[in-house]
Each structure stands twice: as structure tokens, then as C-alpha cells.
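Common to both upcoming complexes is chain A, partnered first by chain B, then by chain C.
On to the complex of A and B.
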């Protein structure tokens, strides 16, 4: 009889653990584990004014912001290391929170403790059931960058032409392509293509590796598509070198070929 | 002991008989599939489609000897309304449908979507084809599915799918802003898209009472109720106006 009681008891315990597990949303970045409850408190303190109580991006400040705050209920994120259409990794969200999103209302949240940023991620993930139902895709691989050269930049310019990058970013890379005026984000708000001559920081990270990754993942929720199968690895590096050459901050500004 | 064996034997026999009866039941009139067919008409004078200016991409413009036109309302010669999605929106008793093995195909041709409105089943494979020399990006903006956005140069294979029902997912090409289409995703196989004749047929329906919805991207949706008995072919007509 005793073994039966023990069995029932342990079964109940397992059930309890299991149920407890499915209810709390988790996040993991490196060795840190996020806590949804702590994240909720932080969210109410720092994020709610823009992203809103329900995480739908309709906080009190939202009407005054352009671009609009992210709607977490859609679970669509610009800056990811995962393929287009995939959920981001926790580390992707961590990077965005830490870095901030340049040219938007989203500041860098580096003043928060690392643990706090990871807690926030656990809470942000509760706004969409997608984080319970789906798994993020495998992060893209970024091979070592070959050195930039006049030849690489020239090839990059050709890829920029053949891939129709110019239809949004313009033949001179200033973001005034023929399709630029018609572009909207997936919420229907007008969105401006990046001006590569500005030397301004990119939304999803400033390094060449970030640019390379953006070409594979695309910026979901915006018109910027994924070039995952459309370009080879070499072509992607060539495009990165070409785009760098368009800005006076680039290392090869003097070589900038302006394609017509 | 002997009686136990004969009991098992009798059970097996009964089971066999039951399954035979079940198989025979497939062909019996009670389960003969029914169908709903009909026509969707556009009431009144057909609106004149607008010309599309493709001059920003010469690779698109040169594909059209006469200017391409918008496809938001396409009316055939005898008033048939094309690109209307007709589907069972209520009344199905079964809810477990496997997607068909063959993929649905969406082609980018002449810098337009062919078909302009595509219908497929959830989790059915979708082959996206770029038949043009120029590079497209195919960008569905769903509300109930994952959003993705892929660049596709000529000839690049691209296979995707949608996991959940949604009528309908708008699809666009950001490179060519005039390119717009729709993909209707269903959890069941009872749907059809009209051509320029406006005619449709929903085949192999189990007998029952259904709500049939006709959806058009610009003119909205209409519903009608229909009851089909075994083997019956009902006719259902819709008329849209602007």
C-alpha cells in the first residue's frame, strides 16, 4: 500500500512540476536565466509607455513615435540571427535591448543589469503564443570576412544592380529608389530605405558581420527581404564592401563606383 | 478452453464482417459525395482596369507589348467575376484534413502574380516561381501566420508553406510596388477560385448543411446557406457589385 501512495505522490509532483513549467515563460542568454515575474515589474517601469500594457506597441507615447514601437503580440522582429519568418533567439532580443534601435525611439538599455534585460525578455515572450508553439530557426552562420578590395566593391555594385537593391535604396544608395515612396512596414506605416551615404548606424548592429547577417535574415516586418538563397557568401561580402564604400566613413570611399 | 477459442474466432469473424460492412458503406448512397457549383457574376458595367506603369524596371516593361492592367476586379466577357474565393466557412463535421501531396504553385510572370489569387491548404507546400528575368521579393503580410520576405532572382527555387487558416494573406513585391496578390489558406479542402467565367465547383462534399462564403479582395464577402444530401449537386450563384 505504501508504494502505491508513494507512486501517486510522485506522479502528482511530476504533474505539478510539468504544469508549473508550461505556465512560466523563460529566457536564457549565456548563463543567465530570465524570470517572467521580475521582467513584468521592469516592463511596467521602463517599457510600458511605448510598448503598451498589452505589448501591442500602443503605449501612451506611441502616437508621437516614428517608427512605431514594436508590437510584441505579432512576434515579428527586425533584428534576428534566424531565417526570415522565424522567431528570434533570446540572445537576439538581448542584443536589441542592449544596443537600442538607431534612428528610432528605442534607446540602449545597457544601464539595466544584464540579469534585468534577460528577465525582460522572459516577459516580452509572454505577449505572443508563438513563443510557446514554435521554435526559432537555426541561427545563420557568418564566415570570416575576406578583405575589401576595388574588385570586391565592383562586384558588389553589380550584385546591388542585379538584385534590384536600387529599386528601394536608389542607384546612388541614398534611399531614393523608384519604389521607395511606396514602401510601408507590415503595419502599413511609411518606411524609409536606408541611406548608405549617410554613414549613420544600422538598426541591427554596426559591423560588417551585422550587415552580412542582415542580408541573410532580412528585416522582418519591413520591406527588406532575405537574400538567403539569392546571393552566395562571396556576393554578400562584395555587397557589404560596396555599401561601405558609399559612405565617407567607409574604408574605400575613394573607390565608390556610382552605377547608373 | 475450447469454448474460449471459438469465442475469439467468432469475435474475429464479427470484426471482419463489420469492416466489410464499413467498406461497403463507402460506396453506399448514404456517403456518396455531394457538390456545390455555380457562378459568380459582377452586376453592372465592368469597371475599367487601370494601366500599370512598369517603366521603373525595363525588364518588366519590355514583357508587355500593351500596358499591363490592375487585377483587383477582373470581369470576364459574360459578366463572370474572376479571382473570387469560394469556400465552406461553416458546417463541416470533420476537422482533420491532411494537406494534399502536390504543391500549390505561385508564379511571378510579367511582373505580376499568376494566379492573382491563390488558394491552398494549411501546411500544403507552396512553390514560388520567378519566371521573369528581373529579381523579385515575395513578401506575404499575414495576420495569423508567420511573416516572411524572400528575394528571388530568376530561376531560384523557393518552397514555403502556411501553418494556419487565413483568408486571405496579402502578398506583395516591395521591389515592384504594383505587384499585389492574395493567398487564401484553408484547413480543409473545400474551396475554389473562380476564373473569368465566374464558375466554381466545390467537389466531394460530405452530405450536410453548410455556409458557403464568396470572398473578393475588393468587393468583400457574401455568404449563402446550402444543404446537400448524398450525391446531390446543388447550384449556388453569387452576384457582386461595386
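On to the complex of A and C.
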């Protein structure tokens, strides 16, 4: 009887171990394949202090950070190439880790090896079952950019007005529209709309194509919605050109803010 | 309780401790962690040794580039100060110390083996560093030892000039750009706490310059690629070995360092580099009534230190390799004033030597690192043919480990144990035989 109990226990243990293996998370960026186990060690060295042991954004440093670290258990990510509400591609997470998130506590981790960054993604994906239950959406298409012109900027200003972008970003694009003070992210923390006049870097990429993509995907977890259906392709490019013109560092044709 | 039982319990507790270090995450670092909210393990392979992320942070002027680097973003109460101190018990032995035959009364000297041991405070480092503004960084390090103090480093740096990472200008007293850094050496003991190659001068040499390991006064232009894989630095330095107040001469030295890193799949980051220090040192001073006038060193003669190094990573192992070739002018090597060439001994020539070391680490996890180091120096040409050909040759090795039981968000504490041995050929003070020193050290190395 005793040996039967021992055998059953051992079998259960082996089954448990194998079950653990079958759920091992992977990541793929280019030709690199991420390893969850290596990613865990790297996470303990670089990330755990902010994002927490359980990936819930409650690391020891989190109380002192603004904005708060990402809660990986929710599987909600600002910077994606996929439609609003869908999971990001591994390459989206890779880009965010490599680029960092400007104006936050998240630095660029480009000094890490490419393999290490891909390993980290494999481990980050273990914090939410969504990565096992769902597939990321297809990346949104970004058509070629038409040249910026005074006319394009003028049209962009009109779209900025008609779509009520100003209610958060302000008539002059400085990020203090009438709704700005009351805005919160999906976890209830106050959040500030972007100041387009600051010349500061965007969180999800620097290029016009990145801005165009953000207008389609929205920034999940923030009040910034997707304008995938609300704007036409031409309107999105016009808005990009208009927003670029607000920056004192912009290289596009200049136009006075709509408040003037 | 029997002794064997106590031993067994001790071993089990040690094993438990090692096991726990394997499952706990690593946290902490003082001033920069408080500012940036990052764990010390983000920047250090094992503090104080930097990893590539830490080196990039340093090369960026202690900036993360996330838009929060200016001190205006810090709490007004934030004070960028770190204290570091070592408390230890150590045992030192030298096999050929010159001692009086009759203690306190002279009567001639003999060489004897001397062993000392006891508790000690090694040093107190106070470091304040950070940014004065976006793209303006600083570093100040007073150094306090038993009964004395000095300014280890003090500099300001203009970062990312013209928006380029390739242009950074530093001025003040600073450590030379060395990726295998004397300032961030992992071992602390009397024989293990130094890279001997960095401070070597041949027997009888009178070069003011004491080696590339010390902080120097001057200006440095440096730069690096976005990911820090390519780096360069060029420094113009006062030829006074970093001493303030112009105590020697007013000529200038040049130090340069170039290195390149590359990723090897499944192994890690590898880096190779070359460096060179080219300088002049005075051989005599202007005098007033026979007394040297400070800052008037003259009769300058040249010297150089050149070499190459590598940092090789094989998963959890890494190997730091270093090579140096050194040469001092014949007047420096023979301690003869350049205006008195007749004083050179017959057959005198410029001393030359080669040296290097291999330092290996096993990075078990961010909380435990094992260390082994072997270093050698070989004279290839003595300044005076009367000097034994191998006099000054050196062999040193060190083994040890650092365990970080506490690395919380505000401080770090390491438990250190190491043993080191150094053998200097022909350096015994009386007999000219080999001089051998041994060090054993165990203690705490902590900062907050």
C-alpha cells in the first residue's frame, strides 16, 4: 500500500513538472527565440524593482514613480502595432524595451543584448494568461506619407478641432484642455495629455509613421482612443502634420495653433 | 552538543543561505537607485563592477535619457550622496621585512617574516554624483583614510555636445577611461585590492607618474554609440600624477582608449580595446638656495604605457584580460637628472617591461559572485645592467567571493572573503631575494 502511495505521488509530481513545461512561454523577434527561464533571471536583475515580483507593477520602487510601472498581468500595452484592444506583437514589446518610455521611469534597455531583450519578453508574457489564450492582432497598415504642406496642416487643424482632440490636448496643443485635469488611466491614476509644443519625444516612437500608427491603434490603458474608424487615412496624415507643426523643433511647415 | 553536530548544522545553514541567494531577486543601490528607481543589479554585474547598462549610464553622464535626468524632477529632499566603507578582519604576512636585530635599539637589521592581524576599517568613500542640469553631470569623491583625507576625484562634464553622444567634455580630476577599473575592483585585500600593472614602476625608477590606475588632472573628450558598443576617449592631462597645486612640472600627457563590443549568440557581450598613455616626467627641479621650487620640474623625459584588453562573457562566466607594455626614459629609469648625463651608470638603458592579468568571475546570480585573478609583470630590459634581470618581476593571484545578503532599495551590503598572494622578485629590502606577501580578508563592504 505504501509503495502505491509513493508511486502515485511521484507520478503526480512528474505530471506537475511536465505540465509546467507545456506552458513555457516563448517569444520570437526576427530570428531570435526568447527563453522564459533566462528571461526570469534577467527580470530579477533589471525589472522586478519597478514591475514587481508578480509583474503587477507593484515593485518596491513603484510608489515613487509617476507614471506607474506597467501591470503585465492585465496584458494591456500602450505601444502596439496591433488594433486597439488586442495583444501586442513580440516585436512591439521588443521596441518598447529597446526604446524605453520617454518621460517615465522606464529607460532604454538597448545596452542589453538583443537575445536578452527577447528572453525578457518571453518571461513578461507569463504574467498574463491572455498570451496563451489569444493571438495578437494583425499589425495595422501604414500607407506612404504624403508631403506635409500648409494646406495639409490647415486640414489637420480642422480635424483636431472637429474630433475634440483639443478637449484633452488643449486648443494650443499644450496638453491642458478642459478635460485634462480629470483624466485617469485604466488603473485610476491621473494621467497628463501630451504637450505637442514641448518638442519632447513621443512614448511610442519618434517618426511620423509612429504617430500615424498611434492614431489607429490608440494607446490602450490611457484615455487616448483609436481613431481607426473615425478618421480617414488622409485625415490622419493631416493631423500628424498639424501636430508636428506645433512643436518648436518641428521641421514641418508652421501654422498658428487653432486657438489663435 | 557534539562538535560534529555543530559542524553539520553550520554546513546546512550555509547551504540554506546559498540556496536562498539563488531564489531571491536582487535590489538596491544608494544614490542613483534613489534617483532613478532602478535596482543596483541593473547597472552592476556585482557592485562595484559595472555591466554594459551601467557603463552606458555612466557614459551618458549618469543619465538614462528618459526625460527625467535633470535634477528639477527630483524631490527637493533628494541628496545625491553615497557612503561606502569596508570593515574587516584581515591577516597580513610578509616573508622578508627588515627589522632591527635588537627591537628598539638597532644593532643592525635582518629580514624576518612578520605576521599581523586584527579588525580594521579600510577606508571611507563619500561619493556625490549626478546631474547639475540636463546634459551637465558631475562627480566628487573625497577619500578619507585613517588620519588623512584627500580629493579622490572631482569633475564636471558637458554631455552630448551638439546633441551628439560622440562629444562629451569632462574637466577636473578623474579616473582614466578604463573599463577594467581600479575604482570598481571587486577585491579589497592588501595584496588583492590592486591591479599591480596599473601602478607599476621598475626598481630604482623616479617617474613622477605612478600609473594609469590613479586619478589624473585634465580634460577628456569622449564619445560612444547609442548602444555603447563603440567607445573612445582622449585625455590631455597635467604631468603631475593628479596632484593638485602644481607640485611638479607643467607639461602635459595624453591618454587614449578605444574599444568595440560585439554580441556573440548564446555567449554574451564581448569587448576588446586598446589604450595608450604617453607622457613626460621631470628629472630635476629649479631650486632656490638648493630647495626645489614647486611646479618647476624640468629636464622632462618621456615614458609610455600601451596595451590591449578584453572582456569575454561565456554565459555566467566572464574573463577580463589585460596586457600592458611599459617603457621609461633612461634618465627616469636610473633616477638621474637629465642635465647630468655623466651620472648614468655604464650601459644604462631605458627600462621596459610587459605585464598583464586575467580575472575570472562566475556570476552565480546577482547576489553571489566568485572571483579568481592572476597577474604578472616581467621586466624585459633593466635600466641598469647591474640590476638582476628578473628584479621587479611580479606574480600575484587572488581568489575570493562576494555575497550580497542585503541589497534593498536604499543600501547594499556585501560579505567578502578573499585570499591573495604576491611575489616580487628581488624586492627583499636587505638580501635582494624574492619578497612574498600574503593577505587574508573577511568582512563587510557596504554602502548606503
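Just so it is clear, the second predicted complex is superposed on the first by the 231 of 260 C-alpha atoms of A that agree within 3 Å, B and C clash if a C-alpha of one lies under 4 Å from a C-alpha of the other, contacts with A are read in each partner's own complex, and residues count from 1 in each chain.
As a working rule, a contact is a pair of C-beta atoms (placed from the backbone, for glycine too) under 8 Å apart; a residue touches a chain by one contact, two chains touch by 3 or more.
Only a predicted model underlies this, so the values are computations on that prediction, with no experimental measurement involved.
After superposition on chain A, the partners chain B and chain C are seen to fit next to each other with no clash.
In the superposed model, A:111 makes contact with chain C only, not with chain B.
By the touch criterion stated above, A:243 is placed in contact with neither chain B nor chain C. Residue contacts after overlaying the shared chain place A:86 against chain B, while chain C stays out of touching range. Contact with neither chain B nor chain C is seen for A:120 once the two complexes are overlaid on the shared chain. In the overlay built on the shared chain, the residue A:164 is in contact with chain B alone; chain C does not reach it. Contact with chain C, but none with chain B, is seen for A:64 once the two complexes are overlaid on the shared chain. Of the two partner chains, chain C is the only one touched by A:50; chain B is not.
Here the smallest spacing between CA atoms of chain B and those of chain C, following superposition, is 26 Å. Chain A uses no single residue to touch chain B in one structure and chain C in the other. Put simply, chain B touches chain A in their complex at residues 56-57, 134-139, 141, 146-153, 156-158, 160, 174-177. Of all residues in chain C, only 25-27, 36-39, 41-42, 52-53, 55-56, 64-68, 226-228, 263, 265-266, 268-269, 365-366, 408-409 touch chain A in the complex they form. On the side of chain A, the complex with chain C involves touching residues 41, 44-46, 48-50, 53, 60-61, 64-65, 100-115, 200-201. Contact residues on chain A toward chain B in their complex (touch as defined above): 74, 76, 84-86, 130, 134, 162-164, 167-168, 178-179, 182-183, 186, 218, 220-221, 223-231.
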